[in-house]
Amino acid sequence: MLILNTGGTFNKRYNPLSGELEVPCDDAAIISVISTFSEPIKIQGILYKDSLEMTHDDRELLAATICQSDEKCIIVVHGTDTMDQSAQAVAAQCRDKTVVFTGAMVPFSIDAVEATANLAMAIGYARNASNGVHIVMQGVCGSYDRVIKNRACGKFDYVQD
Amino acid sequence: MLILNTGGTFNKRYNPLSGELEVPCDDAAIISVISTFSEPIKIQGILYKDSLEMTHDDRELLAATICQSDEKCIIVVHGTDTMDQSAQAVAAQCRDKTVVFTGAMVPFSIDAVEATANLAMAIGYARNASNGVHIVMQGVCGSYDRVIKNRACGKFDYVQD
Amino acid sequence: MLILNTGGTFNKRYNPLSGELEVPCDDAAIISVISTFSEPIKIQGILYKDSLEMTHDDRELLAATICQSDEKCIIVVHGTDTMDQSAQAVAAQCRDKTVVFTGAMVPFSIDAVEATANLAMAIGYARNASNGVHIVMQGVCGSYDRVIKNRACGKFDYVQD
Amino acid sequence: MLILNTGGTFNKRYNPLSGELEVPCDDAAIISVISTFSEPIKIQGILYKDSLEMTHDDRELLAATICQSDEKCIIVVHGTDTMDQSAQAVAAQCRDKTVVFTGAMVPFSIDAVEATANLAMAIGYARNASNGVHIVMQGVCGSYDRVIKNRACGKFDYVQD
């Protein structure tokens, strides 16, 4: 299993000099979760962006990185705003892997609980998941085209056909 | 899905008057995790004990409660010291359910990350798990007779045949 | 003693819908500190602004509120960027009170330690402080024209003549 | 100024192997507070005990350490249960120093707010305090024989003559 960190709110940290929350170019938030495990999970970082700033090329890079990885099962930590677009780009290209997207509505550095729950549930779900691209957010688990962000209330819902 | 809270370190809170960590007769720690979900998961509390104090009768009650539940999939929050004994008691009696035991080495009230990760991973794992009794702790997921607490170093390991 | 809350970084909270840190129109962060006390301290809220947005009129209102208060000793929670300007405006008008400005470089909601330390030290310092306007930030206590924010490194220093 | 760390609840940390809260032989909790300051304050550790375990000899050592220190102003971090006895022992021997006892009802590692507020308020209070032995706990500041722990409700009160 590999955790691929693309950035997003999950990772944001407060910079006291700028007064802004920034996506750092590191995996500290993910490491804080993984360090509670008996066995470490490999982490790889790419892009490190707010998902609103992700371009078509960024999604191509993400999909290519997943397709070319030696790992069969990949957890993608990603911003929530365009998680669906990236999941679709990956689904179009990588058919023989189990890919689970997750992220957070509140940075791990501000409130660890939601971010930790999302990442850990994604990992637990991935253990038995079928090939394909899935989203696990806020207790909702399913195919990437069924787990949808409700922007008005900041929640992810499972949407039936 | 049902979360059955039996107590254990996961739930312990500090009592400033006694200076001791106590297992409270409530589900506050679990609720803190579940409240980050889009949809609540039902929680039921029984026993509320440190697992070192669990008796044979307590385990019979736990197994009976699970067998008689309407839910097919049950997460059991339990102390780590005798989690294996309770899991065995449940496995001997409930064959047609998916039961996942979890807990924490550090109380949620002291450090939320490990406890949150364990519970959320147990829930994610349970979504696709087969019938039987499983343990999910510290990133390790598997049958209850394979996931073993190493008391010397305070870690759970997966033990092969 | 009165705590006068004008807003600033001390109070900021994350809004998951906007993805921004906002100055809320409440005193929740201050109340979290004060609730550890045996006796509550009275809190009054005005302005609730990021200090970069404070106008001349806002400072006049702040000074008038302090001058007209029944309390002899007033702690002002304020943003750090223009704390010096507000302190100067108050010093020009209120000569017979003990006023102590404080705030935080990191929101209480992100890391409680610095914000709590600043506010509590300000209160402890105020118990025996002389009439006049003081600043207490990051362990530095003194007259408002001696405790200066070093913007390059985000630290407050005591500056000798 | 010197911070003299004798141990007590302020410093306690959870040991996952024993399941107990322990007074560690280090100053990590105090350092977490002090690291938010522009200038570090010197810390010295002695005894590192739960205050219920402090003996007459321990109090003699504490008083001697304070009397012989080069520092004029000393903050003592101490367990709350026998803080009054140690303060009395120090008061009997050290008349020309400003000594402020503080501590916490809840370990810094469990909830940082009360412990941080107590220590920071003690430091702020000490800046202008007269010679003598004082206690600062939970917002209450005063002579050691006026600030009394109410064991029934776990609060410190200021007691008039």
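Each chain gets a letter, A, B, C and D, in the order it is written, and its residues are counted from 1.
In this section, a contact is a pair of C-beta atoms (placed from the backbone, for glycine too) under 8 Å apart; a residue touches a chain by one contact, two chains touch by 3 or more.
Small disclaimer: the values here were computed from a predicted structure and weren't measured.
Participant: Listed by label, which chains are in contact with chain A and with chain B?
Facilitator: none
Participant: With residue numbers as the basis of comparison, which of the pairs B-D, C-D or A-C duplicates the interface of A-B in over half of its contact pairs?
Facilitator: Matching more than half of the contact pairs of A-B: C-D.
Participant: Could you pull out the chain whose C-alpha mean position is farthest off from that of chain C?
Facilitator: B
Participant: Centroid of chain A to centroid of chain C, CA atoms only: how many Å?
Facilitator: So the centre of chain A lies 39 Å away from the centre of chain C.
Participant: Can you check how far apart chain C and chain D are, centre to centre, with Cα atoms defining each centre and the answer in Å?
Facilitator: 26
Participant: Need the CA-centroid distance for the pair chain A / chain D, whole Å please.
Facilitator: Here the centre of chain D sits 45 Å away from the centre of chain A.
Participant: By the touch rule stated above, which residues of chain C touch at least two different other chains?
Facilitator: none
Participant: I'd like to see which chains touch which, written out pair by pair.
Facilitator: A-B, A-C, B-D, C-D
Participant: Show me the residue ranges of chain C that touch chain A in the complex, using the header's touch definition.
Facilitator: The contact residues of chain C facing chain A are 9, 14, 16-17, 19, 21, 105-107, 109-111, 151, 153-154.
Participant: Can you check the complex and tell me which residues of chain B touch chain A?
Facilitator: Answer in residue numbers: 32-34, 36-39, 41, 112-114, 116-129, 136-141, 155-157.
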